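Once you've had a glance at the structure underneath, I'll fire off some questions.
By letter and in written order, the chains are A, B, C and D; residue numbering begins at 1 in each of them.
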Amino acid sequence: MKRIAVLTSGGDAPGMNAAIRAIVRKGIYDGLEVYGINYGYAGMVAGDIHRLTVDDVGDTIARGGTVLYSARYPEFSNVEGQQKGIEQLKKFGIDGLIVIGGDGSYRGGAALSKLGFPTIAIPGTIDNDIPGTEYTLGFDTAINTVLDSVDKIRDTATSHVRTFVIEVMGRNAGDIALWTGIGSGAESIVIPEMNFSMDEIVKEIEDGRRRGKKHTIIMLAEGVMNGNEFAEKLQEYKNYHTRVTVLGHVQRGGSPSARDRVLGSLFGYNAVQLLKEGKGGLCIGISGSQVVFNDIIETLERKRDVPYLSLYQINKEISF
Amino acid sequence: MKRIAVLTSGGDAPGMNAAIRAIVRKGIYDGLEVYGINYGYAGMVAGDIHRLTVDDVGDTIARGGTVLYSARYPEFSNVEGQQKGIEQLKKFGIDGLIVIGGDGSYRGGAALSKLGFPTIAIPGTIDNDIPGTEYTLGFDTAINTVLDSVDKIRDTATSHVRTFVIEVMGRNAGDIALWTGIGSGAESIVIPEMNFSMDEIVKEIEDGRRRGKKHTIIMLAEGVMNGNEFAEKLQEYKNYHTRVTVLGHVQRGGSPSARDRVLGSLFGYNAVQLLKEGKGGLCIGISGSQVVFNDIIETLERKRDVPYLSLYQINKEISF
Amino acid sequence: MKRIAVLTSGGDAPGMNAAIRAIVRKGIYDGLEVYGINYGYAGMVAGDIHRLTVDDVGDTIARGGTVLYSARYPEFSNVEGQQKGIEQLKKFGIDGLIVIGGDGSYRGGAALSKLGFPTIAIPGTIDNDIPGTEYTLGFDTAINTVLDSVDKIRDTATSHVRTFVIEVMGRNAGDIALWTGIGSGAESIVIPEMNFSMDEIVKEIEDGRRRGKKHTIIMLAEGVMNGNEFAEKLQEYKNYHTRVTVLGHVQRGGSPSARDRVLGSLFGYNAVQLLKEGKGGLCIGISGSQVVFNDIIETLERKRDVPYLSLYQINKEISF
Amino acid sequence: MKRIAVLTSGGDAPGMNAAIRAIVRKGIYDGLEVYGINYGYAGMVAGDIHRLTVDDVGDTIARGGTVLYSARYPEFSNVEGQQKGIEQLKKFGIDGLIVIGGDGSYRGGAALSKLGFPTIAIPGTIDNDIPGTEYTLGFDTAINTVLDSVDKIRDTATSHVRTFVIEVMGRNAGDIALWTGIGSGAESIVIPEMNFSMDEIVKEIEDGRRRGKKHTIIMLAEGVMNGNEFAEKLQEYKNYHTRVTVLGHVQRGGSPSARDRVLGSLFGYNAVQLLKEGKGGLCIGISGSQVVFNDIIETLERKRDVPYLSLYQINKEISF
C-alpha cells in the first residue's frame, strides 16, 4: 500500500473533516501518499482527484461540511461506473480507498470491495441509521443543534399558550427525534419505529393543560410524516394554536461537537491502519469505547438495533 | 407615583426580561411598588396582576421570552376594554404603566394615555419596525440567531452545489433580512422596501456560477412572499437544486445578546424615571448612544426611516 | 418505599438538573413522594429538606448548575454526621436516597448504605474520574465548552505567531485534556496518566515551526501542574511568545449538551427504579448503550480504566 | 488610484475579515487591484505583499481572527521604517492604503499620511478605546463572548455560595467590563474611568447576603488591576470564597457577531470609496446609524467620550 484515497458521499455531516484530517495525517505519518476525491463517487468516476498535504487539512477539524464536497450519485450502483471508478484510481496509482457517508456510500464501498478494490467505509451521516456502529459521525452535533433551536422555541412557547410541532431529520430513523425529544423535555415524541395515536397525543396535551402546562412541544421525525400534515391532523381535534417548525438543513451544519471530532479522528485513524494491514471490505464503528470492524456487505444486510429505544418509554414517564 | 405596573404584549422578544428586571429594581430602588401584569392587555382587563419583588427577576436577564407572558389581544382597540383595564389598575392602586411590545402595544399605550393614564411604551419586537428608535429590543439577538443558522446552512451549501432560499421574519420590514444578508454574505437580499426582479436574481446566480461559485444564498424577508413560493418562481427559470429553509419561531427565542441586555436595562430604567417625573404618553428609543423620548401618538403616525437601507446597495457591490 | 430524596454534592455539573427532573417525575409517576435536599450532605444533616413537585423541575432540563445547590462537606466522613443525616431523613419519613456527585458523594453514599439506609449514587462531575461508568454526567458538556473556547483562542493564535498553553480542569484525571486536545487538534497534550518530557514538547514545536506552523496549542490537565508554571518551564528553553489561558469555572457551567441531558434522564430514571425494587448500595453507570449497576463500595476501591487512553498516541500521529 | 492595499495590525479582532472582504470586493467591483499585506506594518516593511482575489476572501466573513495575520511592530514609529514601507508599496505600484487596528495602527496611518501616502484607518480592536467612533470592530463580539462565559460561571456560582471576580480585557478602557457587567447583572463593576472603594464593594456584598443573595459577581477591567490582586484585597476583609476567572484570549476570538459583520462591511466599503475619491489621512467611525470620517491626526489627539458611562450609575440602581 503506497497511495490511498478518501471521498465523502451522500449528505454531508459534521465530523467528516475530522475524519479526512486524521486520514491525511495518519497516512503521511505512516509514509503513505493520500489523495482526495471531490464530489464522492461522481468525482471518482470523473477523475476529480488530487494529492492532499498536511496543510490542506490544517484548521479544518472545527469546520462543518466536508472539504472534499459531497454529491449523491445513484449511477454508481451500475457496475460499469464502478469499474470506471477503479480505473481512475489506478491511473493515480491508488491502491486503497476510504469512503465516508451513509448507506449509499456503504453500498458503493461494498461493490468496490467485491470487485477486489480494498475499501474501508466510515459511517458519516447525521441520521444515525447505519448498522455496525452505535453512533454515526454527525449525529451528536445534529442533536445538539436541534436542542439549541428547540431551547429557543421553548422560550417563546413559554411566553404564550401554544403547541409546537418540530419536524427533525433522520430519514427512516427516529434517533434524532428520540434523543432531542428526551433532551428538550418534549411532551410527545413521534418516530417511525413506534406506532403513534393522535388520540393519545391529544390526551397528553389535555392532561398537561389540566395540570397547568402552558405549552406543548411535539418532536416529530420526518420519517413519520411532515410537520404541516401532522399539525393539520392535530388541529382537526381542537385549535391548539399549533405552530410548525421544520428545522431543515441547519441540522446538517455547524462546527462538530467534541464527540464528533474525536469519533472522526478515531475512525479516520483506524481506517488507514486497516488499509495498511492489507484489509478491505470492512466498515468501522464504535461500540462502547471500542472501535469495531465489520464486513461491509454483511453489515448492510443486518437490521440495525436501535440501542436506546427504551428512551421512548422513559420519556412517557418523565415528560407528562 | 407610588405604584407602577409593567406588561409585555404581542410577539415576545429577547431582552424583554432585561427591561422588566430593570423596571422592577429601579422602581424598588426609588421606593415604588412594582406590579407585573400577565398576558399583556388581556391580563390587564382580566386583572391578572401581582406584586413583583427583587427576587422575582433574579437570574432572568439571560433568559429569552418574557416572564410576564405575552398575548395578542385585538379587543383592546375597543374603548370599553381600555376603561376596564384602567379600572383594574386602579383597583390595585396603580398609577403608572409601562408597556413593552410592538405597534399593537404602542396603540394600546397611546389609547391609555389619551384616557389620562400615564403610560410609557418600550419598543420590544425582533422586527425592528417601530418608529422613534434606531433599534427595537430583540432585533440584535434575532439577527445573531439567524446568522448562526445561516452559517450552519452555508457549511452544507458549500459541500454541495445548491441554492438556498432562507425565509426570515420581520413582518413588513426588511431589517432582519438586510442585516443578516450582509452578515452572511448572501448573494441576494429580497426585502419589501425594494422592488426585486427574478431576472436579476437569476443573472446574479449565473454570474456567480460562471466565476466558480458552488452555492448561492438568497435571504428573503417574509414580508415579500413565503420561501416556497419564491423557490417555485425561481425553479421556473432553471433547476437550481433549490432548498428552502423557513427559520420560524427560533428567531424569537434565545438568551438575549449583550446589546439587547444593555438596551433592555437602559429602556426599563428610563421608563421608570419618566413615570417618576410625572410624564406619560411617551415612547422610548435609542439614537446613537442617546436614549430618546417621543410622543407615542405622533410616533405611531410617523413613517419609519430605515437607517441602513444603503446596506442594500452595498451588498450588491460586495457579494457578487 | 413511599418517600425518596435526592441531593447533589461536590462540584456542580451540567446534567444534574436533568437527573433531578427525571427522579422527581419518575418518582411521582410511580406514586412516590420525592424530596429535595439543599446543599448536599450539609443540608441533609441540617434538615434543609423540602417536597418537590412536577412544577419545581419544569423548564430545568436545559439549565446548568443544580437547582438543589451543592456544597462540599468533609465532616460527613464522620459516622456521627452520617447518623444525624439518617435521623433527619427519617423525620421526613424518607426511606430511600439518591446522591448525585463525584467520589466524595460516593463515599457518603457508601457510608449510608453500610448503615443500612438504601442509597443509590449517580456519577455527576465534569472530571469523568469515577469508576463504574464510561462517562460521568457533565463531562460531555465540559469538553464542548472547552472546545468552544479553544476554537476562539485558535482564531487569535492563527493571526499571530504564538504558543498557547491552555489549562483545563479534571483534578487527577486527564480525560478533559485528552478529549479536547484531540478535538482541537492540539499539538501537544499533557496529562497526569502519561509522563511528559519538556524536551519532546520543544521538539514538537520546533518541528512544527520548520514545516511552517505559525502557532502551537498545548492542552494541559490541571492534575499535572498549573499553566503558568508550565509556561515558565517552556520559556526556559526559548521565547515562544507563550500565552497561558486558565479556563477555570466556565467549564462547570452552561446548558447541558444533548448527551448529558439524555444521560441524566437515564440515570435519574433508573435510580428511582432501583430504589423501588428495594435495592440500595449501588452506583449507576453507562457502558456502551447499556445502563449498568455496581456496588458502591467495591466501585470506590476499583481503579478506573481510562477507556480512550489510546487517543494519546493517536494524537501524536495526527497532530504533528 | 489603480492599486490599493490593506493590512491588519495590533491585536486581532472579530470583524477584521468582514472588513478585508468588503475592501477586496468593493475594490474589484470598482475596477481596482487590491493587495494584502501580511503581518501588519512589519510585513509592509518586509514586502510581504500579495494580490487578493474575490476567492481569497470567500467564506471568510464568519471567521474570527484576520486572514492577513497581525503583528505588533513598534519599530514603525521610526520615520526610516515608514519610508521603507512606502517604498515597498510603490514597488508594487500601490497608491492607497487601508489599515485596520487600534491606536498603534492609527499612529502608523497618521505617519504615512504625513509623508503624503493616502491612508485610511479603520478602528479594529475589541477594547472600544478609539476616538472618532462609537464602536470599534470586534467590541460587540467580545462582549457577547464574555457574557457567554459569565452566564456559565453564574450557573456554578448559583449552585454554591461564592464570590466570583471576572477579569476582562480592555487595556485602559472599561467598556468591556461596563457592558458585560450590565449584561450579566454583575453586583459590582470596577473600571478605570471610575474610582472604586473596596469598602463599598464589601458593603454591596454584605447587603446582598442579608437579602438572601447566594453569590456575587464582580466584573473587573484589566486596566484597574489584575483579578488575583483584586481577590486578595477583597479576602483581607473576609473570606468570601472568592474565585477568580481571567477570561484571557478567548475574548479576542470567535465568529463575529451580526453587528461586527455589518460594521466591518460598512467600514471596508467606505474606506475604498474614500481612497477612490482621492482622500487620505482619514479614519472611519460609526455614529448612530451614520458612517463618519475624521482626520486621523486630530482624532488621535482627541480624548474619547465614553458614551455609555451612565451605565455605571444605572447598574448601581438595578443590580443591588
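The criterion applied here is as follows: contacts are C-beta pairs under 8 Å (C-beta built on N, C-alpha and C of every residue); 3 or more make two chains touch, one makes a residue touch a chain.
Everything numeric here is computed off the predicted structure, so don't read it as measured data.
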Spelling it out: a chain qualifies if it touches chain B and also touches chain D; which chains qualify? none
For the homomeric pair chain C and chain D, should the interface be classed as same or different, according to whether the shared residue numbers exceed half of all numbers used? same
If I average the CA coordinates per chain, which chain comes out farthest from chain D? A
Here the gap between chain A and chain C, centre to centre from mean Cα coordinates and rounded to Å, is 28
Suppose each chain is reduced to the average of its Cα coordinates; what separation in Å results between chain A and chain B? 35
Approximate Å spacing (C-alpha centroids) for the pair chain A, chain D: 39
Note the residues in chain D that touch 2 or more other chains, in rising order. 151, 154, 158
So which chains actually touch one another? I want all the pairs, not just one. A-B, A-C, B-D, C-D
The chain D residues in contact with chain C across the complex are 8, 11-12, 14, 63-66, 69-71, 145, 149, 151-161, 164, 214, 243-246, 248-254
If we count contacts the way the header does, which residues on chain B are in touch with chain D in the complex? 21-22, 25-26, 29-30, 54-55, 59, 61-62, 134, 140, 143-144, 146-147, 151, 154, 158, 179-180, 182-185, 211-212, 255, 257-259, 261-262, 265-266, 268-269, 287-289, 307-308, 311, 314, 317-320
